[in-house]
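The same chain A turns up in both complexes below, where it pairs with chain B and then with chain C.
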Partner chain A sequence: MLLIKTALRSLIGNGLKTWLNVFVLSFSFVLIIFMQGLLEGWNRQAVKDAVKWEIAGGQYWNQKYDPYDPFSIDSSASALPVTFKSEYAAHQLEPILISQGTIYPGGHMFSTLLKGIRADQHLLALPTNLLKSKNSSDIPVIIGMNMAKQTNLKVNDIVTLRWRDVNGTFEAVDIRIAGIFKTPVPTVDVGQIWLSLKQLQKMTLQPNAATILIKSDQVATQTLTAWPFKDQIEMTKQTVALVKAKSTGFSIFYFIFLMLALIAIFDTQTLSIFRRQREIGTFVALGMTQSQVVGLFTLEGTLNALLAIVAGTLYGLPLFIYYALKGLSFGMDTSSFGIPMDDRMYPVFTPNLIFGTIIFIIVITAAVSYLPARKIARMKPTDAIRGKAL
Partner chain B sequence: MKSLKFSLSLLLITTISNAQNYPSGKSILDKVDNNMSSKSRVVTAKMEIAGSRATRTMVEKTYSEGDHKAYTEYLAPAREKGTKMLKLENQLWIYSPSTDRTIQISGHMLRQSVMGSDMSYEDLMNDTPLLHRYKADVTGEESIDSRTCWIVTLTAIIADITYYRQKMWVDKEHYVPLKIEMFAKSGKLLKRTTLSNIQKVQGRWFPMSFTYKDMLKDGVGTKISILDIQLDSAIPANYFNLGNLN
Partner chain C sequence: MKTIVEVKSLVKNFPIGTGIFTALNGVNIEFSEGEFAGLVGPSGSGKTTLLNIIGSLDIPSEGEVIVLNKSVGKLSPRQAAQLRKEELGFIFQNYNLLPVYTVFENVEFPLLLLKMNTEERKKRVMETLEWVGLTEKVNSRPSQLSGGECQRVAIARAMVKRPLLVLADEPTANLDSANSHNILQTMEKLNTELKTTFIFATHDEKVIGYLRRIIRLKDGKIVEDKAVD
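And now, the complex of A and B:
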């Protein structure tokens, strides 16, 4: 306790130098927690949004379906398996038929994916209720905001759609933009047109066919060779990997800030030991062992971290609470980024993140404080009292 | 009521008698084939592909025997020079000098555009006689550039076909198509080919200029002008050999 008191008194006695060190270190501490919290929040939001808009309880993919091979998409649908009949009837399983088409907004050619889904589905957040036709010649479709922006289409616009049926025969009709939805998940928006499943099955001459089946999380998963199942973890692994990669990228900034703070502490310690040689000699003459004096100086340096944590908590905590509740908007359109990202991001500060960062900063500050203090152990007490040990 | 029945009967009789005045679609297509088909062709052509910003011009030389064998080499521009295509029956290979690779275009890849033009590889590959794929009916007469033409309407008789319906305007005198329109099943016009600058080549009437246009998009389409054509000339067999590509 005496050591802590002595160390704290010396530290505060350093005045502005100490407070500058504490401020830089506290800034690094707040920045690390805030940025990591933001990435964690993005990760959770991205997964939640993907589940809400695209994945639901997981997807069965037709074994011929490869989303990265545009040449095989038109031939990757087959009849809905009979084992799913009851789930299908209960709307616990939603078949989606995927085909390719071309639209001609304003005379320009624009390749698109056509996705057929039941209008009365409730597994995904898509506004599919707008897909109900007004009459036999009306073909309502919905598109995402990004697609609307790219094609310059608005609600109630009529645009020509050309596609090929299962035999490869060209067909073309006019479709009506019944709705434009805003989604943070680009994989249900960019380059895609959603229309009624029955309509697309009729258009492509593939009655009862589907390319993927979206499952509710209320029903058990079945194992079918022709329809391999992709769970939520598998479907979101790319997003999670991307956020992890971003997190690694951000650590360069933490490293720079932390280095600045630690270099300042290292310099202060070195200078302090040089200027306080007589004090060190006196401590030893009064009966303290040299390792106790090393401990005192290490503690003094480490207290910088503790003061930084206190200071960081004072101005960081209200900041964390505010952004965790209100979110953070970057004021830009994120729909074209190709990754699930909401306009407003809500950071998540987990206990692991906060306490992990605190321990990390204390340990690293203690190490940086110990390195210059090692010189004390090599000092001759008589030289130290005369101020000539270094 | 009697008067209405009489009018309808008269209309029906007139329609039938008009239809009977038309030659059969098959006979028209046979005459087109007789005029235009040759044992072999060596054609040097210029292809102008109009894009939204600029027009690209290419020169190609094609050697073909019947409808089943064709070898094309691009002569210009420098970027495309040396690109070769070989079509044997229903198979198509492309050699690219920049990668020194030959790849086979098959399946859905055939639906892609040829060098960014309004034509697809599939359009080039269609060598099955029209009458094997379509029912041909003469449905009218019309003048194009002061040439009177039969309008032959072709309706698909097989399911596996690219265009469900085509309309062909055939010059009554020279038996050369002057315009071809391709329609979707819904009746929407998809593509239009106009053939012009008809010249007599070795006793046959031949269009020296084609314009191929995707009717759903803006632009002027792809124009092909024949610079030189030789019919029934001998082509060395090795031209139709895969080894000739690289």
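And now, the complex of A and C:
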């Protein structure tokens, strides 16, 4: 208690220098928590959106399906396994047939992935109810906003679609843009056309076929060799890795800010020890050991971090609460970023993040404060009393 | 009277460049309880060095210094700190007050180191400030005090724990004549009333005028040791 009181008094006695150090350190502290909170929020939102729009409770992939091999996509579908019959009937399993095609909007050629899904599914947030056709010649499709922007297509536009059936025969038909949906998940939007499963099965001459099966999280996972299961973690690992990579990138900024603050503290400590030699000598004469005085000065430097936490809390906490509730808009189109990213991002400030950052800053400040304080241990108290030890 | 300091064949060397400077050369002396004694001599005579060794702030190069039955040269840093904390008081030429503390807190500090309880501490600090006539200034900071007042705070800080021995290094060097006499009278009163032993290092004639024992040092040796009536 005595040490804390003494250290705090001396620290506050340093005046403006202390407050400048505290401000820079608190700014680093708030910035680190805010940016990490933003990334954590983005991460959670990206995973949540991916689950909502694309993954649901996980996916069974046809063992022949490789999303990165355009040559095998058309031949990677097979009949829905009988074991899933009841789940399929209960809409707890939604088959998706994937094929390739080309559309010709405004006379331009545009390669696309065709995805067939049941119109009455409810596992994904896609507005598939729009896929119900008005008559036998009507082929309604839905596309994402990004796709609509790229192809310049609007609702009710008719566009020619060309594809190859399972035998390799080219076919063509006019399709109608029945709806354009807005999604933060680009992997259900960019370069994709969604149409009725039955329609696509008919077009590709693959009745009852599916490429992937989307499972509800209400049903148990089955192990099938021909249909390996990909859970939510596996399906979102790329997104998570990407956010993590961004987080590493941001660390450079944290490092720079933190270094500025720590250099200022180091400089203040060094100067303080030089200026306060008499005080150091007096502490020793009054009965403190030199190691206790080293501890006192280290504590004094470390208190910069504690004051920074108090100051950071004063102006940072309202900011954190505001943005956690209201979100943060970047004011730009994020659909072409290639990863799930909503218009508004809601930072998530977890106790781990807050307390982890606090502990990290305290420890690193203590270390920086200790380095110049070590000089005290080498001082001759008799010289220190006269202010001539350094 | 009980002997509280024994200095036996004390030699203190300091390295200077490639050579050695002998600050104290074969000093033998004893101090008894309740003395009001002074180490007198010109600059470089070794008086401050002797005072520092008696105060366990430094150690002998040769010989032995026994303070309150403890051999200074054999104490660990922790034991030396313990001795200073519990038994010794220091008064410095430049007062060496803690600038961010008030008068009360400066005087209270040695008692905090002794972990004395709050009530007893407060009582003791106020009593000591009364001795030195500074009860009106308890909330002032050193920067708001005159030199004389600062030195009286330093005396109070040295006396507050009722040490057996107070070591005062040139306590009047920065004071005018009136203030010098004032603080010397204060110390003389404390010596008489509390039987605290005072050892000064000084070359100030005003201080010498108050001493009851004068030990003259020259070139690290005692050249005169006389009692004054």
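Definition applied: the second predicted complex is superposed on the first by the 390 of 390 C-alpha atoms of A that agree within 3 Å, B and C clash if a C-alpha of one lies under 4 Å from a C-alpha of the other, contacts with A are read in each partner's own complex, and residues count from 1 in each chain.
The working rule: a contact is a pair of C-beta atoms (placed from the backbone, for glycine too) under 8 Å apart; a residue touches a chain by one contact, two chains touch by 3 or more.
What you see is a predicted model; the values in this text were computed from it and never measured.
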item: Clash or fit (per the criteria above) of chain B with chain C on chain A; value: fit
item: C-alpha centroid angle, chain C to chain B via chain A, nearest 10°; value: 150
item: First, second, both or neither for A:H108, with chain B first and chain C second; value: first
item: Partner chain in contact with A:V82 - chain B first, chain C second, else both or neither; value: neither
item: First (chain B), second (chain C), both or neither touched by A:L16; value: neither
item: First (chain B), second (chain C), both or neither touched by A:A220; value: neither
item: Contacts of A:Q290 with chain B and chain C, given as first, second, both or neither; value: second
item: First, second, both or neither for A:I252, with chain B first and chain C second; value: neither
item: Partner chain(s) touched by A:P381 [first = chain B, second = chain C, both, neither]; value: second
item: Per-pair minimum CA distance [chain C against chain B, superposed on A] in Å; value: 75
item: Interface residues, chain A side, partner chain C - complex; value: 2, 6, 9-10, 12-13, 278-279, 281-282, 284-292, 380-382, 385-387
item: Contact set on chain A toward chain B in their complex; value: 70-72, 74-75, 102, 104, 106-109, 160, 162, 164, 167-173
item: Contact footprint of chain A on chain B as seen in their complex; value: 52, 107-109, 111, 156, 159-164, 182, 184-186, 188, 190, 214, 216-219
item: Chain A partner contacts - residues on chain C that touch it in the complex; value: 48-49, 52, 55, 57-58, 77-78, 81-82, 84-86, 90, 92, 94, 96-101, 105, 109-110, 112-114, 157
